[in-house]
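Report on the following structure.
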Amino acid sequence: GDALTARYLLQLADDALIYAQRLGEWVANAPQIEEDMALANVSLDLLGQARVLLTRAGELDGTGRTEDDLAYFRDEREFRNVHLVEQPLGDFADEMARMLVFAAYQAQLYAALVDSAEPTLAGVAAKAVKEVDYHRDHATQWVLRLGDGTSESHERMQAALTRVMPYVAELFADDPVSVAAADSGVGVLPSSLQEAAWRHVEATVEGATLTMPDEPRHRTRGGRDGIHSRPMGYLLAEMQHVARSHPGATW
Amino acid sequence: GDALTARYLLQLADDALIYAQRLGEWVANAPQIEEDMALANVSLDLLGQARVLLTRAGELDGTGRTEDDLAYFRDEREFRNVHLVEQPLGDFADEMARMLVFAAYQAQLYAALVDSAEPTLAGVAAKAVKEVDYHRDHATQWVLRLGDGTSESHERMQAALTRVMPYVAELFADDPVSVAAADSGVGVLPSSLQEAAWRHVEATVEGATLTMPDEPRHRTRGGRDGIHSRPMGYLLAEMQHVARSHPGATW
Amino acid sequence: QAGHPSFDALIAADLRVEPRDDMPEEYRSTLIRQIAQHAHSEIIGMQPEGNWITRAPSLRRKAILIAKVQDEAGHGLYLYSAAETLGVDRAELLDKLHEGKQKYSSIFNYPTLTWADNGAIGWLVDGAAIMNQVPLCRCSYGPYSRAMIRVCKEESFHQRQGFEILWTLMRGTPEQQAMAQDAANRWWWPSLMMFGPPDSGQDASKGHTAQSMAWGIKRFSNDDLRQKFVDMTVPQAQRLGLTLPDPDLKWNEERGHWDFGPIDWDEFWRVLKGDGACNAERIAHRRRAHDEGAWVREAATAYAAKHDASRAAAQESAA
Amino acid sequence: QAGHPSFDALIAADLRVEPRDDMPEEYRSTLIRQIAQHAHSEIIGMQPEGNWITRAPSLRRKAILIAKVQDEAGHGLYLYSAAETLGVDRAELLDKLHEGKQKYSSIFNYPTLTWADNGAIGWLVDGAAIMNQVPLCRCSYGPYSRAMIRVCKEESFHQRQGFEILWTLMRGTPEQQAMAQDAANRWWWPSLMMFGPPDSGQDASKGHTAQSMAWGIKRFSNDDLRQKFVDMTVPQAQRLGLTLPDPDLKWNEERGHWDFGPIDWDEFWRVLKGDGACNAERIAHRRRAHDEGAWVREAATAYAAKHDASRAAAQESAA
């Protein structure tokens, strides 16, 4: 059904949108100017994916909402992104750990979705596979450099890997919407992406002279149902405040 | 005129409101439980002052706006508070430096305003003189303890005094609204409060075995004209987001 | 083990045991564990609501919320003081909290996602807490029972405030009503879990219930308290216009109680063991506040020592 | 001092001086100072707008804004590279920025208070920058002139985007119009100050203008550029429907230029000397980002050294 497809697109869009928002916070805060540019690039790519997906979701769900209606006028409980992307900035190693995991996931995701029965999604995927390949490579190169750099960077990178672990399982969990979307040929089962994505992560970690952390005691859950973590409310307050302060305005 | 009085009340109210908001951030973050309670107390007192003053300002300016209209539905450029109160939390010494300066100012302010020609303001002042006396004493005691505590606390307290200095002059600057309010018997000239307020600060600093910092190279200005610093936008986004997300709702 | 004849006599007569009284070591350690857990719950419980102080949607609600979180800090203080009468000190108990060696109520590992959650916490969580705490006002240990009398008075005030938040939302916009219903949906089951696992009927031999009852620390079983809470709360939900998320909820004429569906004890144990939404965050928050405040506490101690010393010297030279 | 015949010949023929060419030490140091200041301005200039990335009121505007700030980072890189051809390196120049030994454009010490400020910065600040920079595309130093050609192309794009932000606001709600007017009010005078203090007529002997002109680094006086900017901008303001905050602004038929009122040079010098709204904040922000990133840059260097070494070893053993 269209409502289901819309809901599936919304999940993908929200992951991209919220991560784009977080990466936007790095701009003018990165360790070097080249990295300000690179992080801005990744942010822009994700924002681009989000915009097309949100627009299409608003068409399919019958509400006629625009990309901006969906980004600026939904409440926290209506956002469908995983917890990984909403976490506040940590240090640069945290960001590279997050990007490595997320881009490894998205690389498999979009590779599968180029054949989606939903044409807009197939189109987004065709473009995104190349973008995400760059994101994954960028994170990979940094994990290698930090892991095999100085002893401080090695320790920080190892600690960041440990900190990112609780957020991983949620990416590959088969939520009902993804299951239904996979059944209808629109989507792909998240669990089917895990092995290939994780192979890349593990190879990178090994190449970086780091070790894979133990399984975490805690795993995040609920993002796809609009259950978010504490930082999400503040993120949305910041993101939406100007738009909400001028209802009905055009920018 | 009533609009002028309203504008004067708004300045006083915004100082109290925005500082109450910042102090609210300390709750569950203070160095000890007693201090969570004390900072909550100061926040509550200031919030109480702000609520009465905002309500009266909305009556006097002819717009019929409520305290919540004024707190939640004004934009940054319409807030009239000084920069001191909008600064993000620093360490505990920063907070005690800010509280010492602000309460020393407010103690003189409200002592003068008990005779205001505006009865609501006189009423707020009569109650507030006692509250502010407690705030000032609380900050004073901590500045003494930190200044004359350990060498770390001495250094931190001294550094905090240096950091607070750029924000002091704005409190005692004679903005046109205060000048007019003083002329009409409603208000008091900020510059007339400085000597007594500063005497308390200097005595405290001396008693705390600290030294008064040099005059700062930079002084904040413009708060009374709605020119704020970078942190103000984020503060308002957080404070107003829920209210703005539900226009017209009652809570 | 040596007997404790005076202690046994006090318990038998349903009188209060006071700090100076002789008492069995296990009674003391049970009380320390329970009072500390209770104090920790108040302190950790400041976070889920404290999180909303900066975002409260009206100034009146903001003031009420600050005052409420402040009360929770106060409850923590009373309770740490009660624990201190048993020969431990607050710093030691806080260290145990921070190291995960003592617990706090698992309910605070659930997140506060919307403003309505502040209503649901007041109504359901404080409601359940009161149901647990009122009997503790008659607890055999004097300092604990007296602390609980103060706490319960304020808690019932909080419970009414929570109810009123939801009442206002349910009379508001459709979005506000949905927000209230969503909060009730999420907090109902965790509130029922607050009474602890089953400990009556065939479960009566598990846990500490029997011993605590014999010592006059506990007066009712978990299951009895849970049933009382359900019976009290269902009519309140009806008055609010909220649907409680339990299809099995129905009045049992025969029992004179509300029947309710099975509780997901797997979730309870999972969260208790650390895999709840906020376990890591709550403790990390506490530790950060505590660690960042260490230099302040040290300064206060150093200052007091200096000034006590100089006061003592002054008195000596005056003598 | 030794003469520089080949340099003099290049300048006289209005040809480009290249890095390998002999040049007077003062020419080199003037260029380093100017290019570094220009690069620093791009980098510091990321902050006032970067500040709004997270709050841009539409996704389209957010994307445009990210791309713009990214361009500024890129301009900074081109310019640092141009400076490096003169025998300094970027790290050294950044240190001087962080220590306050080299300047950046004082305009960035003004705060961005509302969304409309992003429009005003594009329209007025980038507009003034272009006016300053277009002549630099013909600067006598080759690497600088080539960097400026790239920069100017992108800047004029930014200027149009800024204009379009304001255009949209002026066709929006009354609140949006007020926001745009307020931004124009605050940015107009500081934009005029961007051309620097008066340096024509009786002021012609002050400052570096004369020497820089002789060397082909500067092509027009500050005052001429300022007048060109005013002449270009006033009709644009009229098209936007904005009032510029200068009661003395009027067309002078005789001069064929717009007359404008006196500039508050006291404010200019005050801000330049450190007492502007954001001086301390801008440098503190840069230093923090730089210091927090030190371990990352060190790691990259260490990694490159290791892997270059192992590559070299591999090549050697293969040889």
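Things worth noting here:
Order as written gives the chain letters A, B, C and D; numbering starts at 1 within each chain.
The rule is short, and it goes like this: a residue touches a chain if its C-beta (ideal position, glycine included) is under 8 Å from a C-beta of that chain, and two chains touch if they have at least 3 such contacts.
What you see is a predicted model; the values in this text were computed from it and never measured.
Among the remaining chains, the Cα-based centre furthest from that of chain A is the centre of B. Between A-C and B-C, more C-beta contact pairs are found at B-C.
Inter-chain spacing, taken between the CA centroids of chain A and chain D, is 35 Å. Note on chain placement: the centre of chain C and the centre of chain D lie 59 Å apart, centres being C-alpha means.
Touching of two or more other chains is recorded for residues 55, 175 of chain C. The set of chain A residues that touch two or more partner chains comprises 75, 233, 237-238, 241. Shown here, the protein chains touch in an arrangement that is not a line, ring, star or fully connected set. In summary, the structure contains touching chain pairs A-B, A-C, A-D, B-C, B-D. Those residues of chain B that touch chain D in the shared complex are 75-77, 166, 217-222, 227-230, 233, 237.
Residues 43, 46-47, 50, 53-63, 66-67, 69-70, 73-74, 76-77, 80, 115, 165, 168-169, 171-173, 175-176, 285, 289-290, 292-304, 306 of chain C are the ones that touch chain B when the two sit in their complex.
By the touch criterion stated above, chain A contacts chain D in their complex at residues 17, 21, 24-25, 27-37, 40-41, 43-44, 47-48, 50-51, 54, 67-68, 71-72, 91-92, 144-146, 148-150, 152-153, 156, 238-239, 241-243, 246, 248-251. Residues 75, 233-234, 236-238, 240-241, 244-245, 247 of chain B are the ones touching chain A in the complex.
Listing the residues of chain D that touch chain B in their complex gives 51, 55, 111, 113-114, 175, 179, 182, 273-281.
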